[in-house]
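Look for subunit A in each of the two complexes below; its partner is subunit B in the first and subunit C in the second.
Coming up: the complex of A and B.
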């Protein structure tokens, strides 16, 4: 019963948030501020982390392939597929989720416990329209851009480590990569990023709106949001990967 | 103007308001007193539809607000100002933006008029204009509380709901704010419901006093009636006042 009520509330938030993205007032200032917070401020940490993930992937894959088939010639191709289909968007979204999601959950929940949300309602302003709409737009757009940049950074670091550690030339890396991946992979990666991006503000604000009073209410909302976002991203990744797998040329 | 009938509200099985009935006439000042946690804030929030009672009726100028949806509530809320127990200022906005926020939203005014109203409302709560560009976190709690009162007064609502407006304020400002509530009621016929712990203020300016305990009204009436009350908790509240004076 309670689960149904929670699911109903979440669906309401989801529908109203998407509606608010396409209806005035536009509040461009809020949207730009959210976009800056999402895309620009998260960029350095995402590049650093996906870079290391790429390096580890290449080294591990090379090590295992050498053991099994005594050659790591296919590593650049395998790594590129793995990066585009999984690593780039999932890792960057998980990082974004914990950084931005925690911030927003704390912001909204402290607004809730200090009655700022009530004050908004009293002024005739929908908290969803005012708080969630701009974040949703910023996070969808921001995460698509971040996803693309993360993928490029990932591939770049993969190439660097292949050149310096495995002894390939950059030309060899790119040629092998091109055999394995195509534009469709990038497109699917962008769709994934958009979906993951949408879950972040929705779950963060949902937990924030439900916060109980007091400082521990804010703490719990923030923790719930980060856990919820991470689980949702991994679960959505499974669903989307499964759907996309029907489109991959076999 | 506002009539509460058999209001009941409970949270996860725990009754907070138990069969509350009373009415507030236009221009009246009603004080609601009671110990902490008796449901005073919950009662105020029910008045503007921020919470819904489990049962009962709240007539606002003849309309039962319990039945209204968010959109229909807008019309009611436009006539009501509520000063929350927390200052509830928007953290991301400056004091000036906080004050202008509701004015821009609810009144179609030009910038000069807004500026005028902002200055006037800050003066009403004894604040100087040099805090206008500060963020709420950069001013003291008492100042935040006063800005929050100014924000609501600037809109000139017909009904004012105060949730402990003077708790945490200095005596001079407390007196000024009570005086303001009195003037608004007598000069502009503004109806006020004031939740407070301060029986002294209630005796000074209230038309009617309601004492809540554990979700029930244990005493209500005019100041003289309440002063004569034999209910132990009400007598304790009265004792506080006479101790303060002596």
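Coming up: the complex of A and C.
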């Protein structure tokens, strides 16, 4: 019964949050601040991390292909498709979830503990509309932007390592990549980023709203939020990849 | 810089990256400089949307779309079910003529499928943009294998059913070859016979030459007239005294100069 109650609460938060995105008051300043926090401030850490992930992917793929078929000629192609379909959006979302989700969970849970949320209700302001709505919009749009930039950065770093470590020319890398990669891969990556982006504020704020009193309560809410976000992203990735696999040509 | 400006710049950069990526993958090209042509196939051998189109080995376009059309027929009335729309860059448009042929080919270590266009003759006219042209269906390996498998089965069945006959035929051929070898050896050993054979062939050659000469003469206009004359003569003589004519032909014979 407790699980059902939790699921019901989460569904209520989900519906109300999406409704608040499209209903006044618009609170553009809050939305812009959240967007800046999500997209601009997270950009450097995401580019650095996906860059290293791309480098590791290329080196490992080349090593394994040389063992299996004594040639790493196809590495740029399938590394690029792996980056676009999985790495770029999943790694950037997990990083964003850790950075932003933890922050928002701590913020909301401390507001709950210090009864600021009750104060908002007393003032006639919906806590979901005031706290979750702007974060949800910012996270969906911000994660799409971050996902696209992360994917392109990932491909760029993969090309660099292919040129300097594996002895490819940039032309060879791009030509092989074009054989494997379609534009729909980037579109699907953007859809994934949007879905992952939506889970971050929803789970973070949900854990924050349910925080127990005291410093322990804030800490536990933050931990639960980060774990919940990570698990939700991995699970959603599986669901979306399964759905998208029906649209791939082969 | 204000926060709003930074966010705006980030969104603009992302938009530019998406457009650039689409342009790079040839999914979107606002500066397109190509004509479209529709190719008809019954078997497209793995061609996909986006596959390259090459003229004389150089990339000049790509496969834009592939459609199934159950009611389509080509200029010769043959039913063709696949319509493959390709683009051809205007720089290569001049080299592609009505007698150009469109093949489906395989290239590179990863087996990339592409459409190869053979150059057309200068005296033929250009293709019509948007027109329908018949492509060359690539050979179907699965069909060839199936046919050769069936053929091998039939041969095996025939050999099994006529095992005795086949063995006897092989034995007879073997005997024939042995006898022929023996005859040739004998001819080689006996020099006289060799000369006789040579003279025989020489005579035969001469006779056939003479026959050719005579038959050549018979084909002339004079010979035709002479034969017609004799025919008319005989026709007239038919009503006369048959006994006397018979005697004349049998005892005296005909002394006529034909040539």
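Keep in mind that, in the parts below, the second predicted complex is superposed on the first by the 250 of 250 C-alpha atoms of A that agree within 3 Å, B and C clash if a C-alpha of one lies under 4 Å from a C-alpha of the other, contacts with A are read in each partner's own complex, and residues count from 1 in each chain.
The criterion applied here is as follows: contacts are C-beta pairs under 8 Å (C-beta built on N, C-alpha and C of every residue); 3 or more make two chains touch, one makes a residue touch a chain.
Only a predicted model underlies this, so the values are computations on that prediction, with no experimental measurement involved.
Novice: Following the superposition defined at the top, how do subunit B and subunit C come out on subunit A, clash or fit?
Specialist: Aligned on subunit A, subunit C fits beside subunit B.
Novice: Please compute the subunit B to subunit A to subunit C angle from C-alpha centroids in the superposed arrangement, rounded to the nearest 10 degrees.
Specialist: One gets 160 degrees for this angle.
Novice: In the overlaid three-chain picture, which partner chain does A:194 touch, first (subunit B) or second (subunit C), both, or neither?
Specialist: neither
Novice: Check whether subunit B or subunit C contacts more residues of subunit A in the superposed model.
Specialist: Ranking subunit B and subunit C by residues of subunit A touched puts C first.
Novice: Which holds for A:114: it touches subunit B only (first), subunit C only (second), both, or neither?
Specialist: It touches subunit B, and subunit C stays clear.
Novice: May I ask you to decide whether A:122 touches subunit B, subunit C, both, or neither, giving the answer as first, second, both or neither?
Specialist: Touch partner of A:122: subunit B, not subunit C.
Novice: Once the two complexes are aligned on their shared chain, state how close subunit B comes to subunit C by Cα atoms, in whole Å.
Specialist: 17
Novice: Going by the contact definition given at the top, which residues of subunit A touch subunit B in one complex and subunit C in the other?
Specialist: Of subunit A, no residue contacts subunit B in one complex and subunit C in the other.
Novice: Using the touch definition up top, name the residues of subunit C that touch subunit A in the complex.
Specialist: Spelled out, the residues of subunit C in touch with subunit A are 3-4, 6-7, 10-11, 13-14, 17-18, 21-22, 24-28, 48, 50, 108-110, 112.
Novice: Help me check something: in the complex, which residues belonging to subunit A touch subunit C?
Specialist: Against subunit C, the touching part of subunit A is residues 32-33, 35-36, 39-40, 43, 71, 73-74, 77, 141, 144-145, 148-149, 152, 174, 176, 178-179, 181-183, 186, 249.
Novice: Provide the residue numbers of subunit A that touch subunit B in the complex, in ascending order.
Specialist: 110-111, 113-116, 118-126
Novice: Give every residue of subunit B touching subunit A within the complex, in rising order.
Specialist: 45, 48, 50, 70, 74, 77-78, 80-82, 84-91, 101-102, 105-106
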